[in-house]
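Step one of this worksheet: look at the structure below.
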Amino acid sequence: ADKVNFQLDWMPGGDKAPVYVGVQQGFFAAEGLEVKIAQGRGSTDSLTRLATGISDIGLSDISALLAARARDDVGVSAVMSVFSQAPHAFFTLSDSGVDTVAKVAGKRIATSAFTSSNVFLPLLLEVNHLDENDIRLIKADVGALGPMLITGNADLVISWVTDREKYQAQASEMGRTISMLPWYQAGMDIYATSLVASDRFLQQRPEVARRFMRAYLKAIAYTWAEPERAGAMVEAMVPEVDAGVATATILTMRDLVFNDASARLGLGALDPARLAETWRWVARAQDLDESAFDPETAVAREIMAGVVPAQPVKEEVTP
Amino acid sequence: MPSLNRTVRRALPVLTLLSLIPLWELCCRLFEVPTFVLPAPSDIARAFVEVEPARWLGHLWATLRVALAGFAISLAISIPLAVLMVRSRFLSQTLYPLLVVIQSTPIVAIAPLIIVLFGTGWAPRLAITSLITFFPLVVSATTGMLATPQELIELSRSLRSSPTREIWYVRLPYAIPHLFSGMKVAVTLAIIGAVVAEFVAAEEGLGYFVQFSTSYFKIPQAFAALLFLSVVSLALFKGVQLLQALLFRWSLPRDKT
Amino acid sequence: MKAHVQFDRVSHSYPAESGAPVEALRDLNFSIEQGEFVAVLGPSGCGKSTLLRLLAGLFPATSGSVSVYDCPVSGPQENTGIVFQKPTLLPWKNVLDNVLFPIRYKAGRPGARDIEQAKSLLEMVGLADFQKHMPDQLSGGMQQRVGIARALLLDPEILIMDEPFSALDALTREEMGFDLLRIWRQRPKTVLFITHSIAEAVLLADRVLVLSERPATLVEEVAIELPRPRSADTIHERAFADYTQRLRELIYQPRLTVVPGGKQDQGGHHAIA
Amino acid sequence: MPSLNRTVRRALPVLTLLSLIPLWELCCRLFEVPTFVLPAPSDIARAFVEVEPARWLGHLWATLRVALAGFAISLAISIPLAVLMVRSRFLSQTLYPLLVVIQSTPIVAIAPLIIVLFGTGWAPRLAITSLITFFPLVVSATTGMLATPQELIELSRSLRSSPTREIWYVRLPYAIPHLFSGMKVAVTLAIIGAVVAEFVAAEEGLGYFVQFSTSYFKIPQAFAALLFLSVVSLALFKGVQLLQALLFRWSLPRDKT
Amino acid sequence: MKAHVQFDRVSHSYPAESGAPVEALRDLNFSIEQGEFVAVLGPSGCGKSTLLRLLAGLFPATSGSVSVYDCPVSGPQENTGIVFQKPTLLPWKNVLDNVLFPIRYKAGRPGARDIEQAKSLLEMVGLADFQKHMPDQLSGGMQQRVGIARALLLDPEILIMDEPFSALDALTREEMGFDLLRIWRQRPKTVLFITHSIAEAVLLADRVLVLSERPATLVEEVAIELPRPRSADTIHERAFADYTQRLRELIYQPRLTVVPGGKQDQGGHHAIA
């Protein structure tokens, strides 16, 4: 079998379920692949490991990839979208009265210092006719956000949709409930977590990559078809993960995978127009020259061809 | 009676420390501290038994061997380094700044470099642990060797010693108390080092488990792992003390008669 | 006999961090023949230990030259045994290992004969029962005796001793003096012996160098022509008394003019040291 | 001539260190090291000038004051702690394990606790820095005070000293060389501490800037900040050495004549 | 005069980490009157410094009791000045501050009069020029003299001196002995003076305690009934020679049977110390 090193962008959990499902359900084996999963510590870390050849293919936020490629011709390309909506969201206590993004004005918002959400925040506010001076941003360690929200040190926190279960669990302890305001419902319509691969891997073993992608798509479909089983499969491979929590996570993030965009453009597709929109957000957020980089160069279309379904393929890249 | 007395005297500190646990429990209940801020001992105990012993032991062993091996490596590197710096003023003035720079670089920030240099297995974890522990060893060994009284140096020089022998037979033994003070610091840093290394690159170990539990908001479980870590540190610390007592009795202050 | 040690216009000053440097030796000229036993007498703080360190090659003189066999001393000498003024034992070694230290230091593991030798030296200095004790478990005089045993172990060609018997009682002191003479007779060596006891200097030495107050200059060299081997009987000889008397005068006379007050009488006949 | 000689001897280590920079550049070019693994000095220099000096200074000052204040606090806490432990066997046996536990707890893991306890301003950063730096100080001060020779203790006791005075006038001065060896370690740890604190809770400072740059994949900029950190550490380290040379000349080995 | 210091069946053993404990003192009985000057003579390593430490209250005797004014000593005494056998100077203080140390230690800042006093003591011991020097810049004898000045500074009621003059030359030694007597006469104090010099003991003391080899027992107490004030002339008195002769016999006689070999003649008339 062909050996493939798969790189997670964070620790295992329900949001990473497909790769575990792929292994457990034998989707990879059926394609003649032997997949080894390595954990990561964020998109940057994941990109670095892919770029240096430690791993072959893996997950990363596509905005991190675009920024990295724009800055520093990193040898990694996107091959498939996984979350076709950005996972950023505001969380607040249900009784806080904040039920639209417009109402965050004047609130204290806690966020982790180094999350990519911060970069997009000004743009999101702008789309919602606010600006940074309308809120008070408090930066703190990720682990402290929930406690700050629940103990009243902050009115809202910024986190990922995938964390909803965890915040709810903390709030329940104090008899409170959490509500979530996903940014994708407030005007942020861009790609997020994607399957990315090192260029070397794509060049040397393009077929292996395609087989992997095929299996991965199957695994995605299975994961949301059978969330309980998928959760259990993660636990089976990583005992630290709790199957129930993983399942809950899988359910929470359904909208990130199956949504308008995926329905319109196809599951896994990286639509050029939407990709360009994604790049626009990234460039503006990170103060990069929008015209100096073509986001298409960060996507390995020739690999995607024939694998990712319903993909609006550009003329010039047909094999 | 006196032996009973001594038993009591020995047990008292342990008992005092143990009595902190109910106090902690009490505080948590009294002030209704939320579990995710500071879990009560009972929560931690519950979390502790929920994880099978084999998994605890697996993580424990992963951390312990990295800490021990990393500590050993940094000991093996820093003593010769200290010797070099004691022998040559030039080397001392060139190396010391370099070592300070290495010591004060946040390892997390150069994680990619370390992973590229050392791969993804054991090696980067050992490297990180050694990088974090070596400095106190170098500083204490150097200080100790330089503090050797002039009269002992004169004795050694009058024997027409080679500088190597002077270091080996006079300066290093004299530096033993200093060195052990450095080792006490270094050995607890070794635990920190192993944990940081697991934060950066590992899928096992107590540090990894802490981070994992935290990112799943399983705070009592994280604290259980932290307590485990503390026990390991205490054991290593005691180990260093014991080593000194066994091998270098003379370097300890004699008990008052 | 040929000149073994030669001091040629040797001066030494210690730099002071603030203020004037301390001048310890000034313009010192003397030589020691091979196999000669030379004692040095001089007031406290005059520069005797400095002289020892220069001969041992521990640091160079500020000016002038110290030579051994016409070769300028530029560092520690081979075959030199030193008894320092402080006992200078290694606190991490027991008594026996302290005595064996020079061997371990030079040759690695001491052989059975070395250990034998060390033990017999310890017996000679009366510490046979304390071989396994650590230095801080010894009395001051016992520590000093360990230092003496150590200096004698390698049977050095040059033996430099800085007040080696100062912490010993009268009897032990006398016994050890005669032991030293016996060893010196059996295996001739050149000895520089710093002491504060005039009688001891006369009893042991071929020649006594009398130094002045700091900065030390050579006041006089007195050759002691008492017959050898010397024994406790020597002390009762007329010549012995003459020599001690002469040395006392040399030492007491120049200072009497300096000493403030009239507590003492005219000197020249004191006897308490 | 001798003064020229001395100048050369002084300059040589600095020159050697500086010569590492072209070597580094060369290696990066020769082996085509990717920028995100290890940027070449020229990349770093470019990144460095791209950030306005005022922002550098702002970050620098934010880190420096936390490091200094945290170091000062931990010094102010650890010396009395060491004194207590030297004075009482019971305290020493009770406190030491606690200190080892605190020292070996990865701060990042208890970040929520610290933020809840200290809020989100300066305070948690100071707390973290102090927590990370205090241990070498306690260990070295304790070791030094306990190593005071018996004869000096006898002298002090023969003067019917109160134990406080014995500590103050005899044991603490004797511990100075040990203490400074601990301070050298602690002061570089203070930088690490400030950086970790900025990872946990801050919006400014060089550590924050490093992490920030890394998460934006601006690796050369991160390295520029790291170099800045190194310079700060070196300055603090030199500062401690200077302090010892100025206030406690006697505690340094005398220059060979 | 009333009994100031009382040793009552005092024994002391040092525990050994391995092997039998070392017995230093055995069944020692003696007392010292207030204002008395008592010298202690005894072989090296017999237990003299141990005796000093017991009287100083540095540790308790294994058995028996030491009392001061009928009060058992249970810790360091008020108003006691001690000259230790080792100089025991604080390496981080200069000479003047070392001398002032007891005052700073007890009373905080030394006053102008204390500094005056310290300076005059330093002058007395011949170190007026070395006030700002650090201990490691002094010779052995100079360090010892700093220790003496320090012990005298507080004008103690009990003065315990452990071989205080051992590193001094004959003349300095004699001068300092007379200085000590002068101070003792002007401001009476009880003195316990350990020495290896028989002549010195006779010259200075009211009474001489002669100790045996380890474990130290009291061999004899010899009252020295030479008239006071004593001076250099005392040395020439017939009685002085008798006392020294008697002490020599006490010291040399019991050991001659023990000393191996026949290097010495019949003893009883040695004079080198």
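Remarks
We call the chains A, B, C, D and E, going by the order they appear; numbering starts again at 1 in every chain.
By our rule, contacts are C-beta pairs under 8 Å (C-beta built on N, C-alpha and C of every residue); 3 or more make two chains touch, one makes a residue touch a chain.
All values reported here derive from a predicted model rather than from experimental measurement.
Of the two chain pairs considered here, A-B and A-D, the higher C-beta contact count falls to A-D. When chain C is laid over chain E using CA atoms, the rotation angle comes to 180 degrees (nearest 5). Computed centre separation for the pair chain B/chain E is 49 angstrom, with centres defined by C-alpha atoms.
Rounded to whole angstrom units, the spacing between the C-alpha centres of chain A and chain E is 86. Chain centres here are Cα averages; for chain A and chain D they lie 39 Å apart. Multi-chain contact residues of chain C (touching two or more other chains) are listed as 14, 86, 136. Along chain D, residues 36-37, 108, 112, 116, 150, 199, 211, 214, 219, 254 each make contact with two or more other chains. Counting partners per residue, chain A has 48, 52, 143, 146-147, 151 as the residues that reach two or more other chains.
For chain B in complex with chain C, the residues that touch the partner chain are 151-152, 154-161, 165, 169-170, 173-174, 176, 248, 250-251, 254. In the complex of the two chains, the chain B residues touching chain A come out as 34-37, 55, 111-112, 115-116, 119-120, 199-200, 203, 209, 211-218.
On chain A, the positions that touch chain D within their shared complex are 42, 44, 47-48, 51-52, 64, 67-68, 71-72, 74, 113-114, 116, 119, 138-141, 143-144, 146-148, 151, 153, 286. Contact residues of chain E toward chain D in the complex are 53, 56-58, 75-78, 80, 82, 84, 86, 88, 90-92, 101-102, 104-106, 134, 136.
Those residues of chain B that touch chain D in the complex are listed here as 9, 12-13, 16-17, 36-38, 89-90, 93-94, 97-98, 100-101, 103-106, 108-110, 112-113, 116, 135-136, 139-140, 143-144, 146-147, 150, 177-178, 180-182, 184-185, 188, 191-192, 195-196, 199, 207, 210-211, 214, 219, 222, 226, 229-230, 232-234, 237, 253-254.
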